[in-house]
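Each of the next two complexes has chain A plus one more chain, namely chain B in the first and chain C in the second.
What follows is the complex of A and B.
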C-alpha cells in the first residue's frame, strides 16, 4: 500500500476578482509532494507558481476564491479558520520569500525575528532558551559568529546571509514542508549555489519536504527530484526530474529547455519561445499554449488537453514528444 | 615608541539641526522650564492686584498691569502652565485615540475601516474652531471641556495618517513573512506594522502642539475655555482686546503664544528632516 504523500493538492482552482470579471489564476491543479522529497515548480512569470503555493499556505487575499483540496499530512487545510492556519504556518509548513531584503522586519534584530518564530509555537520557551536555540539555528545555516549576529539588524547582513537567516527562521520549528519561492533570484550567482546547498542540507537533516518555486531550470536540475512545469495556471508536465529534463514531452518544456543558454554548445544564437504568455483575462481556447506552439493542430485550438501518463511523467498535450512519435504528422 | 592614535571627535552639526530648529528648542525648553518652576520665583501673585490699574510697562512691571492692577508679565508666565498642559494632554489623547482607530481601520479593512474613516471624514468636514466651539458649548465652558472638544476635533488627523501608514506597511513582504511564520493578526500589527509607522505621527504631533495652544487660546478668547481670574493666554487677550490703547495687556500673552507656536513648528521641521529617509 502506498503511504499518503505529505502534501496532496487536488483540483485546486484559484479565481481572483478582476476589473473585467473574475480571473482564473489556477485551474484544476493536481500534484503531490512526498515526505523528504523535493519538488521544483517551474514556469514563466504569471504562470501561477507563486499563487499555487500561497494558496497552500493560506496567504492569498480574502478576495481570492480557492476551491479544490489541499491535504497536508493527511489533513484537509483548505478553508481552515485563520487561527487554525496560523498554528500550522511556521509549525508544519513554512515559507521562504524571494527577496530577503524586504522579507525581514527592518526594525527588529535578527535574533528577535528568529526567536519570534520559535516562541510563537512554543509559549513555554524562555527568552534565553530561545536565544540559545536561535544561535544553533544560525550555526546550522552556516552563519559564522551566530551570537554576535543575533544582535544585529537585517541591514547589517549581506543578501546571502539574510537569506540564510530567513531559512533559519523558516526551519526553526522543523516544519514538515518548506516552500521556497524563488529563493535565489535576488542573490548573486555565487551565493545561489550556497543557499541551495543550505536548503538541501536542511532537507536531509530535518527530513522535510521541499518545494522550490523557480524559473531557473538549473536550480531544478541541481536540487529537485520531481519537477512540475506550469503554464498559464495549469500543470503541463509533471514527472521525475531526470526524465523531464532529458526527454521533455510537452512542447513548452522543450522550448524552455532549448532556451537555457549552454556553455558547451559553442556560439549559437540563443533560442526563445515566440510570443509571450497570454493574459489571464484573455486565455486562448483549447490548449493555452497553442498560439506559441510549433506542433499545434486544430484540436489544440478547441480542446483543452488533460494530464495523461506518458512514460513515467504526466503531460497535458495532444501531441506529446516521445509518445507514439509516428502519429505526429 | 608608538603613540596611540587618537582622533579627537569634533562635533559636526547634522543637517537637520538647522538654526531655526535650535531656536525652536530654546524657546520650547524655556517655556517648559518656566511652566515647571514659576511657583518658585513668581515676581508677583498672578491673580492679586499688585499695582495701579492699567499701568504702562515700567521697571517694576515690565509688561505693565491690567484693568484690575495685576502684573501682565507674571500672568503670562503662569499662563504657560495651562497652555502647555492642555496641549500636551490633548495631543497625547488625540494621538492615542486616532492612531488606535486608524491602525485598526487600516489593518482590518472592510466595514470597520468604512465606519471609522467616514466618522473621521465627517469630523474633518467641519471647520475645527467651529466644531470645537459647538462641543465646548454643549459640554459647558471650562478648560477641561475645551480640552475634550479639541481632542474630538483632532483625532481624525491621526486616524487618517496612521491608516495610510498601516496600509502601506501592510503590503510589505516582511509582514507576509510574519504571517507565514504563524504570527496572529494582533502580533503582526503591533510587532511588524506599527514600529514602521510612527514617524509621520511624531512629526505631525510636534507641529500640532503649537496649533493646539492656538486653538485652546481661541476657545478661551471667545469665553468658552478658562474663566476670568485664571491667567490663561486666550482669556488675557480677550481682556486686552477691548482696551486697544492699553496695548500691553494683550502683548504679553500674544508674544507668549507667538513664541511657543513658532518654537514647536521649528522643532517639528527639525524632526521631519531628522526622520527623512533620504537624509544623508
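What follows is the complex of A and C.
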C-alpha cells in the first residue's frame, strides 16, 4: 500500500436537480492527490471545481446525486452517513473558502470558532486548554497579538486576517488534506501572496496535502506540483505542473495560459479565450469546448474525447498540442 | 425623543378634539343641557370655555407635572386611573408577547427544518388563522368552547369573581402571588391569563414564525454554515449554535413591532375577557367622550410604543456584535 495516494477520486459524477431536468455538473472525473503534495485545480468560473471538492467533503446539498468513488487514506468515504463524515471533516480533511468575509459566523468570536474546530474532535479538551491551543494556532498563521484577537468578532478582522484565521481553523487538528477553494480571489493583491505563503508553510510544517482551487494559472505555477484543468464538468488535462505550464497539450489550457499576464512579454494585455463556458443545461455535444476552440474539427462536434496519455500528462482532446505536432503538416 | 413625545401629545390632542360629539352631553346628561347656567358652570369647571389653543397649552403645562387631568367619567385623576389599570394590561401584553414570540420562533425554526413537508404546511396554516381571524372572534369562540362548554378553564376576568384581589406589589397577579408564595392564587391567575394571552399572542405568531422561517433558510445558505459543517459540526449544532442566533437578529425588529400590535389588540381582548386594564378603560372612555381619559390612554400607548422601540434597538445592538452600543 506504499504507493496508495492520500485521495483517490474515481469516476466521480455529480448530478444536480434543475428546473428542466437533471444537470450533469461533474462527469466521470478521475484524479488523485499524493501525501504532502499540492494539486492545483484550474478552470474558469462554473467549470465545476467547487462542486468537485465539496463532493469530496460530502458537503453538497442533499438533492445532489453523487456517484463514483472517493477514497481518503485508503477508505471509501463516498456515501458514508453524515455523522461519520462529520467526524472526518475538520479532522482528516478540511476546507477553506473563497470569501473570508462571509465564511466566519458574524455573531461568534473568532476564539469560539477556532476552539470549536478543536473541541468538536476532542471532547476531553477543556475550554481553557482549547483557548491556549487556539492562540498558538493564530500565532502559526502569523496573526499578531493572538490572545486579544481570539476575543474579537470577525468584523474586527481585515479580509487577510480572516483568511488566516480560517486557515488556523482548518489546520487545527492537523488534517491530512486541506482544500483551499479560491483562497485569494476575494483578497487584495498584496495580501494574496501572503496567504499562499501561509498555506505553503502549513503544508510543510504539518505534512498535509493541499488542493488549491483557482482560476488563475499564476497561483498554480507558484504553489502546486500537479495541476488538473477542468472545463464544463470534465477533466481536460492533468499532469506535472512544469510540464503542463511549459508545454500545454489541451487547447483550453493553452488559452488559459495566454490569459496569464506576463512581464516578459512586451504586451501585457490579457489575451483570453473568446466566449464563455456553456451553461450546464446547454452543454455542446462532443467536446464541450468546441465552440471556442480554434483547432476544432468535425469529429470534435460529435465525439467526446476521453483522457489519454500525452507525454507524461493526461489530456482529453482529439488534437492535442505536442502529440499532434508530429502528425500535423 | 422629546420631540416625538410632544408629537404624540399633539396628535392625541388634535385627534380627540376633532370628534363630532360634545363632551358636555356626557358630563351633564341630556336634560341639563337645556339649562344655560349649568352649562356655563360646567364649561368653566372643565376648561371648555377657553379656546382650543389655550386648552392645549394648559394641557401640556399640566402634563409636565405629571397631571393628565381628571376623568369626566370616573371623576378620578386620569393618571391614577391609568396607574391602577396599567399592570393588568402589561401582564396581559407581556404574557402574549412571550407566547406569541415563543410559538413563532419554535414554529418558524421547525418549518425551516422541515421545509415543504407536512409540518411546514401546518405551521403556515396555524399562522394564517392566527393573524387573519380577528381577536374578538377567536377570543369569543375559545372562551365559549373551553370555558362554557368544556369547563376546562375559568371564565373571564383576572381572577374568579368571588376571589378578592390581593393587595398589589408589582400589580402582576402572577408575580405577586409567587412573591407571597401563594400557589393557589398563582394557579388561578395563570389560568385566567392563559387564554386571553394565547388569543392575543396567536395574532402575532404568524408574522414572527414566517419571518423566522425565511430568516433561517437565508442563514442556512450562508458560507459560514458551510464552513461550520466543514470543520465537523453536526446538523443539530449547525442549526442551533450557528444558524439560530443569526436568524433571530432580524426577528427582534418584528418582535418589537408586534408590541405595538399587541397594545392595540389588547383593547379588544380586554373587552372580551372583562380584563380590567387600560384597553377596557379606553373603550369606556371613548363611549363617554371622556377627553382627558382618551388623551391619557393615547399618550401612555404612544410612550409604550416609543419605549419598546428603544428597547428593541438596545437588544438589537447587544445581540449583533457588528452594531456597537453608543
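The rule is simple: the second predicted complex is superposed on the first by the 321 of 329 C-alpha atoms of A that agree within 3 Å, B and C clash if a C-alpha of one lies under 4 Å from a C-alpha of the other, contacts with A are read in each partner's own complex, and residues count from 1 in each chain.
FYI, contacts are C-beta pairs under 8 Å (C-beta built on N, C-alpha and C of every residue); 3 or more make two chains touch, one makes a residue touch a chain.
Only a predicted model underlies this, so the values are computations on that prediction, with no experimental measurement involved.
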Combined model on chain A: chain C and chain B, fit or clash: clash
Touching partner for A:99 - first (chain B), second (chain C), both, neither: both
First, second, both or neither for A:153, with chain B first and chain C second: second
First, second, both or neither for A:59, with chain B first and chain C second: both
Touching partner for A:111 - first (chain B), second (chain C), both, neither: neither
Touching partner for A:86 - first (chain B), second (chain C), both, neither: both
First, second, both or neither for A:251, with chain B first and chain C second: neither
Touched partner set for A:120, first chain B, second chain C, both or neither: both
On chain A, the residue positions that both chain B and chain C contact, one per complex: 57, 59, 82-83, 86-91, 94-95, 97, 99, 102-108, 116-117, 120-121, 166, 169-170
Residue ranges of chain A in contact with chain C within the complex: 57, 59, 82-83, 86-91, 94-97, 99, 102-109, 116-117, 120-121, 153, 155, 166, 169-170, 172
In the complex, chain C residues that touch chain A: 222-224, 226-235, 242, 245-246, 249, 319-322
Contacting residues of chain B [partner chain A, same complex]: 172-174, 176-185, 187, 191-192, 195-196
For the chain A and chain B complex, residues of the former touching the latter: 57, 59, 82-83, 86-91, 94-95, 97, 99, 102-108, 116-117, 120-121, 166, 169-170
